[in-house]
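Multiple structures are listed underneath, in structure tokens.
Each of the two complexes below includes chain A, the first together with chain B, the second together with chain C.
This part shows the complex of A and B:
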């Protein structure tokens, strides 16, 4: 048994495991499948698999760091770059999380507008999201653990219901022949959808903040793999249903289950599963904003819990409101131009933590 | 105090989430909403003429007969025509309950996707709605009244939307499937053709009522007599239109539709008639066979020099009826089929299957998705055969009929 020397840790290993299952698959179920289908066609799942493997490698290294030290990301950055250097890097991470949040927020906003409203709604219909995000950001990191404990069941039940309703209409041979789209298309799919991946970066901010149990690394990797299987299965089911017109299905979440005979007879009961997924999805979409707030508090040593949420959530709200008409340009810019930068911040830069010295070892009983 | 604060906060979040998921900001008054049950599209003077069949909610719940009305809008696009309906009536067209799309005969010679694509892309209508080709103008078809249901689209759905695997007679297809076929490698698709059948004696039938309630009415109760607008029209969807690149290139007759369904669907519970079977005493008997299950496979065998399509159908049947003068067997038992019945049905299916494949070849309408099979399972030969596989392929048909052994 591993005993922690830091009693102020806010998360448990179990909660991190459930975090990866409850939140990380969700933002990938909206428009990402259609973007992948456009770029990689029937090899969309291979493109996603590449991103999953990249994430898995980063996660593996971060877990090895967690095994060697109890330091937080900020403490390690200070060791490497000094206080000022650490603050500059953390500020860059605030910008990174703001950029990472834009596509999921706008696509969820458009999703609600297109699927749950008959006519063009007021902008205020999405204001509730920012209130929830603000409230979340005023809480400490342990709120993520508690939410994971509760909401993972929403994610799993909603996801499994949707897949169960869809299976009868899936043509699994539609993903054949494997790899026929060629490396160029497959890698293009991976590159342009990277903003939806890079989930390993969340582990950076859990470092030093969670109570390590026996074999915690295997448990976390296993839960990440559950998330990966969910995403890959969803992509295959999605393509198996829509095949040649998959690229035109903008919101996969709403589309995949509606062709089953049960729905023809009873109406859109799949919306029960969809709404079950939308609840954790609110948290999932707000995650980058939450972490941006926490980093901002760390960098500027902000004690008042309302200041950083006011800045971060306020800025995001204004951005989404003002640039609503530029959504496609902004999304194109993030997916086409910024993907590499997002890759650097989420998967390449965190590898620096493996050079952390092995000074603080936890004791083993 | 802390508990009250938490409670207020949670209530606030609950209210916000409620506003997040409900339609309060985008409400359309129910009285200003037209619930469209079917849409027909015709071509008029290079404009799209959209006929919307609208179910009008009854004010009096004791009145069983459904009311419907038809509104016509014209526009330069399908969406424009639907918008015009909204403009001239003040009703907001609610399309989520629209389960049927009728394409008028005028579009037989044009790319039908110019009509269908709107419905495949918009989220206002379910692309799981069935699509059919009318043998007349779509507006005329929708205005027909059937003894099955006063609302023609509901009567149509009764013949189109049977339980999965129940019907071998109709090659039903929805908007999504039609479009995915169109955009597939084969660019070929199909849809049922709706023909009207005039029933001379249907004026004596019961009044059409909601959900087939009349059949379950108490026998002693006074049944409603048919009103003046009671339908005399029934519909048939046994013929199938074939589309290549969105343009109608041919038709499958009733037998062709049956072979297509036997090759692609589960047709359990369907029936098939076999005529003129010579029994042991050399008398001719007609049989009705009930299909218990059909196993099917369609696959290529390919090498550098040849391409062969293997098509296999096996139907497992039992006798459901026969017109013999005397018989000692009970129809409730699954008795073994005689060799004569098997041979007769096998010959019939073989002939119809050959005709079916001849139609596919002659029209170049690959409704079996053979090009997809070529691409997916024989990708190395795809480039070699993709332009001429229909011409070059040899067809190896294997039809078998089995029954209780």
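This part shows the complex of A and C:
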């Protein structure tokens, strides 16, 4: 028999694993380290670790759900809340993803303005992001897996180069003593940076869309741990270089490796690593928009592949440019007030499906 | 329209259709009956015709018409009963004998075309390995394949395409390895071709591609029987077109163009290094001009300080902006390239001297373009020719990237490269992803990708292709 590599399921377990390595760490490397340094000082990594643990717990539960059922999230919602209920919840998820995307998009725009472009209005070049996001959203979910297969090497090579160039200047003792900032500051750091985390929510929408292989749960959790280690290592190295002035380094990605002695001989070779990271980073930033489009298509049964990207990307584009002046107020609102709502949608709400087994048993009886 | 028993009536009808001076109607005696031998004078093998058809007829005094077919010595003969079919036979080079009193005619496969001798194809020369290449004759090409693969599983399906050219087209595959659905799909596609003429395999390739407006290649090609044999043994299906020395193969993977024929006859180490060099060269060719312009215009921080000073000195007094400068230099390179291909060989030398030396050197010394720009264009141009099959596509992309980088800098370049990446990773032809085995990642197939594995590692046929009978090597 022919073994067709184009299985009906959109993704493979390996691609989900590579997805977590390629895309999820990247949006956390821009301004999140400085925000964490401001709130938790040298215990920034513990704050991040708390968010990682929350994500890991959700991931565990989602994998246990995936082991029991082949249904997609939408199908499970339909079983629980009926068609109308499922549609309402999914529409709320569209709003959730739109909110989740605002900070990383604007952050990336500001990063480009501040570090790569000095003499050009961001409207011109940053429009490219929306074109990529739009084009990506017209594709099926399979494209995420395919891109993960290619772009994980960009992430790993870029990340390792930056870390390698930075290690020379790191004072690892600066993150000691552990926990000295107190629980209040550590938890404040966790809470206010939660919008950058909540990656388990991606797994929610991969449910029922991937081919399960042997021990797929362990593989996915392991890959999530690789992502977590990358983020934590970056935070420690970042704080180890800048220590008490870390909170002033708004764009850690550009700052982290620029003091290496290698640069004085070769020029800013760290930019090669940054460019390598920008490839997966653009996809990573566009991910919430991609999922919002896919959910919208499913909820309203939209057949034309251009309609939902036009609505979602168009709305985001308008929002980013109209409220450009109020970015810091919006960012403050999302980080301070909406964090809990984001947490509910990404990590708490999906847990109701722990009960799917009971429900299926009930249906059988 | 069926033949009648009356020879004159039949001849009148045929002469109406075949009213051309090169068509010969030769009156012959078939025993006591009258007959007419019809053939195209310039493509029929007259010697064979006289030896295998006319001579036996001459020796004939009386014959029962029902056993006439046993008289001829020709190995390839058949009976035809329709006038349209007779016309088709004659225009394709066969000779047809009509006999008074018979409602069918005899067609003899005795054609003789002038054909080029087998030689090494100029597009894929090798130091080691077979040097023979396909020619324009379909029967010769088929014979070369039969010689390479002496197996009853090697199958050919003969079709015809082109309303006026009525060109012979042949599908070639290995039964038991190739996907039969793919063979059927190809057959349908070839049968559906409805154009005036199929003058080359490239005409057919346009119809085999599933994305008609795509800038990327969708059908592989080769001029070498050894390469084609290897490809169909992996599960691909080939298409030959009479009159073309290039065989087409589907499904096509992008990585194929990075694999040179010589890789399979060289050591694994040198083949791997060559492939890495090709891949790096193509990337450099594609991105260096655009990245250089973006750095010069928007991101001076990318350029090391010492190099920046050199650039600064060289661009002093240049009237054009870096992006225009690079664009026009690249355009001149493409013009020279185009001219050198089209010009007669004896003028070609002059073009390379005038273009390469005089034009380049003078433009730099006159201060019209800078030396780094010229160097980057030359480097980019040479790099692209490490993978000649991709030159057309990547030349267009290089211009596109240059315009974007010159307008909005490196971020625009990254975004446009990502758009291309999204496009090619989601691109499939005949259910085969273009970027396999990298995307989707098929680890087993990586043994013959950029890395060229040792011969013993190629135990299985590529999983990237939908093929039967995965195992190709017996191991203990």
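As a working rule, the second predicted complex is superposed on the first by the 348 of 365 C-alpha atoms of A that agree within 3 Å, B and C clash if a C-alpha of one lies under 4 Å from a C-alpha of the other, contacts with A are read in each partner's own complex, and residues count from 1 in each chain.
Basically, a residue touches a chain if its C-beta (ideal position, glycine included) is under 8 Å from a C-beta of that chain, and two chains touch if they have at least 3 such contacts.
Only a predicted model underlies this, so the values are computations on that prediction, with no experimental measurement involved.
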item: Joint occupancy of chain A by chain B and chain C, clash or fit; value: clash
item: Chain B versus chain C as contact partner of A:256, first or second or both or neither; value: neither
item: Which of chain B and chain C A:312 touches, first, second, both or neither; value: neither
item: Chain B versus chain C as contact partner of A:125, first or second or both or neither; value: both
item: Touching partner for A:243 - first (chain B), second (chain C), both, neither; value: first
item: First (chain B), second (chain C), both or neither touched by A:114; value: first
item: Partner chain(s) touched by A:135 [first = chain B, second = chain C, both, neither]; value: both
item: Touching partner for A:14 - first (chain B), second (chain C), both, neither; value: second
item: First (chain B), second (chain C), both or neither touched by A:59; value: neither
item: Contacts of A:143 with chain B and chain C, given as first, second, both or neither; value: second
item: Residue range of chain B overlapping chain C upon superposition on chain A, of 6-14, 60-68, 168-176 or 330-338; value: 6-14
item: Chain B and chain C footprints on chain A, overlapping residues; value: 112, 116-117, 119-120, 124-126, 128-129, 131-132, 135, 275, 278-279, 282
item: Chain C - residues contacting chain A, complex; value: 179, 298-299, 301-305, 307, 407-412, 414-419, 421-423, 425-426, 428, 431, 433, 435-436, 438-442, 463-464, 466-468, 470
item: Interface residues, chain A side, partner chain C - complex; value: 1-6, 12, 14-15, 18, 112, 116-117, 119-120, 124-126, 128-129, 131-132, 135-136, 139-140, 142-143, 145-147, 149-150, 266-268, 271, 275, 278-279, 282-283
item: Contacting residues of chain A [partner chain B, same complex]; value: 112, 114-122, 124-126, 128-129, 131-132, 135, 173-174, 176-177, 180, 242-245, 248, 251, 254, 258-259, 261, 263-264, 275, 278-279, 282
item: Parts of chain B lying in touch with chain A, wherever the complex brings them together; value: 9, 12-13, 16-17, 19-21, 23, 25-28, 92, 94, 99, 120-121, 123, 126, 128, 161, 163-164, 174, 176, 179-181, 183-185, 375-377, 379
